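In what follows, chain A forms one complex with chain B and a second complex with chain C.
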Partner chain A sequence: MRTVRESVLVQATPESVWEVLMDPYYTPKLYPDILNIMVDPPGRAVVGQKRTVGGKAGKRLIELRTVVLDLVPLQKFEVGGRPGGALEEFSEVLELSQVKGGTQVKITFVFKVSEDYFGPEFDLFTLEQMVVRNQEVYIKNLKELSELRKVG
Partner chain B sequence: MPRIVDSIVILAPAETVWRVLADPTYIPRLYRDALTVEMNPPGPVAVGQRYKVLNRVGDLRTEVFVVITRVEKEKVLSSRGTPGGLFETFRHTVVLTPNAWETKVDITFEYTFSSSYTAKIPDVATAERTAGTNLRGYAQNLKDLSELLPLPS
Partner chain C sequence: MPKLQVVTEVLAPVKTIWEVLMESSFVPKLYPDVIAVVVDPPGRNVVGQKFHITGRAGRRKLEIFAETTELVTEKKVGTTNRPGGLFKSFRSEILLEPRGATTSVQTTFQYELSMGYVGKVLNMIALERLVNDNLKAYSKNLKDVCELQPLPK
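Our next item is the complex of A and B:
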């Protein structure tokens, strides 16, 4: 099991960060190797919302299955894994706090690549590095997207 | 009216290319600066289905509204813009021509900007450049997505 912790100051209000987090359709723009997302029920994040996420590992299509576990408006957002996808274990917890100059965001990712899903052809260390890279880029993208302004 | 015509050979059958085209959830991966897409109704592409696409232009979040006008499975997909967003007019057509295991894809975009919308954007040149870059990159992104392989079973 691997744990990645990141922290960033977003120069935007907690509402702006929350808006990006609550819209699941931003997911392909947050993780570089995520291609698309389907959510049930459709629409904004709610506790219990099931997410099926298409991604790539090199030239291969993969699938991840997650579920929204907890929402505390403008404070905490938690997503966990569901069985059957590329990650045997997955947890993503984001904590927001308003600070001078914006919003401090702390993220903790915990994951384990599924050996059963990929089979013996794949190098698990390479896959693990790929997941870590996605999670490192996630926080940079979350900052960029949250700092975009509306037209008008 | 600006017109972009592109043609690309994709090393995948038309069925696979269509799977990407017919799934609107891929839109943020087909256009570099598309951020999210809201579908009405949700689900696979169909004539009359409407999209609201949020896009990044510089440090702004802009909107484009589109309706699907023609769907011929594994052959043709067309859409046009609807009022209210960045484009005054927007027409997009993708034509697939299968050739054994490959698929030739012909893509056409025609568009003009909405003057009332761009009046609210401080840097119109960035909007023009961004639109051109995104529409020119569409064919390569469609190829990259269509050529991904499923995991061996």
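Our next item is the complex of A and C:
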């Protein structure tokens, strides 16, 4: 099991960060190797919303299954894994706090790549590195998207 | 009105490409500067499905409103803009032609930016270049996504 902890200062209000987190359709833009997302029920994040995410590992299509576990408006967003899919274990917890100059976002990712899903053809260490890279880029992209301003 | 046409040979059967075109949540991955898409009604593409697209130009968020106007299964997808947003007018047509294991994809975009929307904030020439870059990248990204292989059983 790998754990990645990051913290970033977003130069935007907690409301702006929260809007990005609540809209599941931002997900393919946040993670570089995620291609699309299907959510049930459709629409904004709600506790219990199931997410089926299509992604890529090299030139292969993969699938991840997650569920929204906890939402505390403007403060906490938590997503966990569901059985099946490329990650045997998955947890993503984001904590937001308003600070001078914007919003401090603390993120903890915990994951384990599923050996059963990938089979012996894939190198688990390479896959782990790929997941870590996606999570690092996620934070950078979350900051960038939250800091965008509307035209006008 | 600027017109852009790109023909791409995709190393995948027409069914695979059709599946990507029918699933709106792929859109942000196909256009580099599209960041999110909300569709009404939710779910797979149907004629009349409305798209509310959020894009970016530099540090600004842009809105695009569009609608699917024509679908011919595994052959053609037509999309037109709706009032408001970045485009005064926009029309895209994607034609699929199966060639054995591969598919020829012809993408045609015609658009005119809305001066009223762009206003004083954005540079028109830079924005036209950005739109052109996105439309060109669309064909390359569509090819990349469609050519991915499932995991071996």
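Points worth noting:
Going forward, the second predicted complex is superposed on the first by the 152 of 152 C-alpha atoms of A that agree within 3 Å, B and C clash if a C-alpha of one lies under 4 Å from a C-alpha of the other, contacts with A are read in each partner's own complex, and residues count from 1 in each chain.
Note that in this section contacts are C-beta pairs under 8 Å (C-beta built on N, C-alpha and C of every residue); 3 or more make two chains touch, one makes a residue touch a chain.
Treat the numbers as computed from the prediction; the structure is a model and nothing was measured.
For the composite obtained by overlaying on chain A, chain B and chain C cannot both be accommodated without a clash.
Judged by the touch definition given at the top, the superposed model places A:K29 against both chain B and chain C. Contacts of A:R5 after superposition: neither chain B nor chain C is touched.
Judged by the touch definition given at the top, the superposed model places A:K50 against neither chain B nor chain C.
In the superposed pair of complexes, A:P42 makes contact with chain B and with chain C alike. Of the two partner chains, neither chain B nor chain C is touched by A:K140. When the two complexes are superposed on chain A, the residues of chain A that touch both chain B and chain C are 23, 25-26, 28-29, 35-38, 42, 56, 59-62, 117-119, 121, 145, 147-152. Contacts from chain B toward chain A in the complex involve residues 23, 25-26, 28-29, 35-38, 42, 56, 59-63, 117, 120-121, 145, 147-152.
Across the complex, chain B is touched by residues 23, 25-26, 28-29, 35-38, 42, 54, 56, 59-62, 117-119, 121, 145, 147-152 of chain A. Chain C meets chain A in the complex at residues 23, 25-26, 28-29, 34-38, 42-43, 56-57, 59-63, 117-119, 121-122, 145, 147-152. Across the interface of their complex, chain C is touched by residues 23, 25-26, 28-29, 34-38, 42-43, 56, 59-62, 117-119, 121, 145, 147-152 of chain A.
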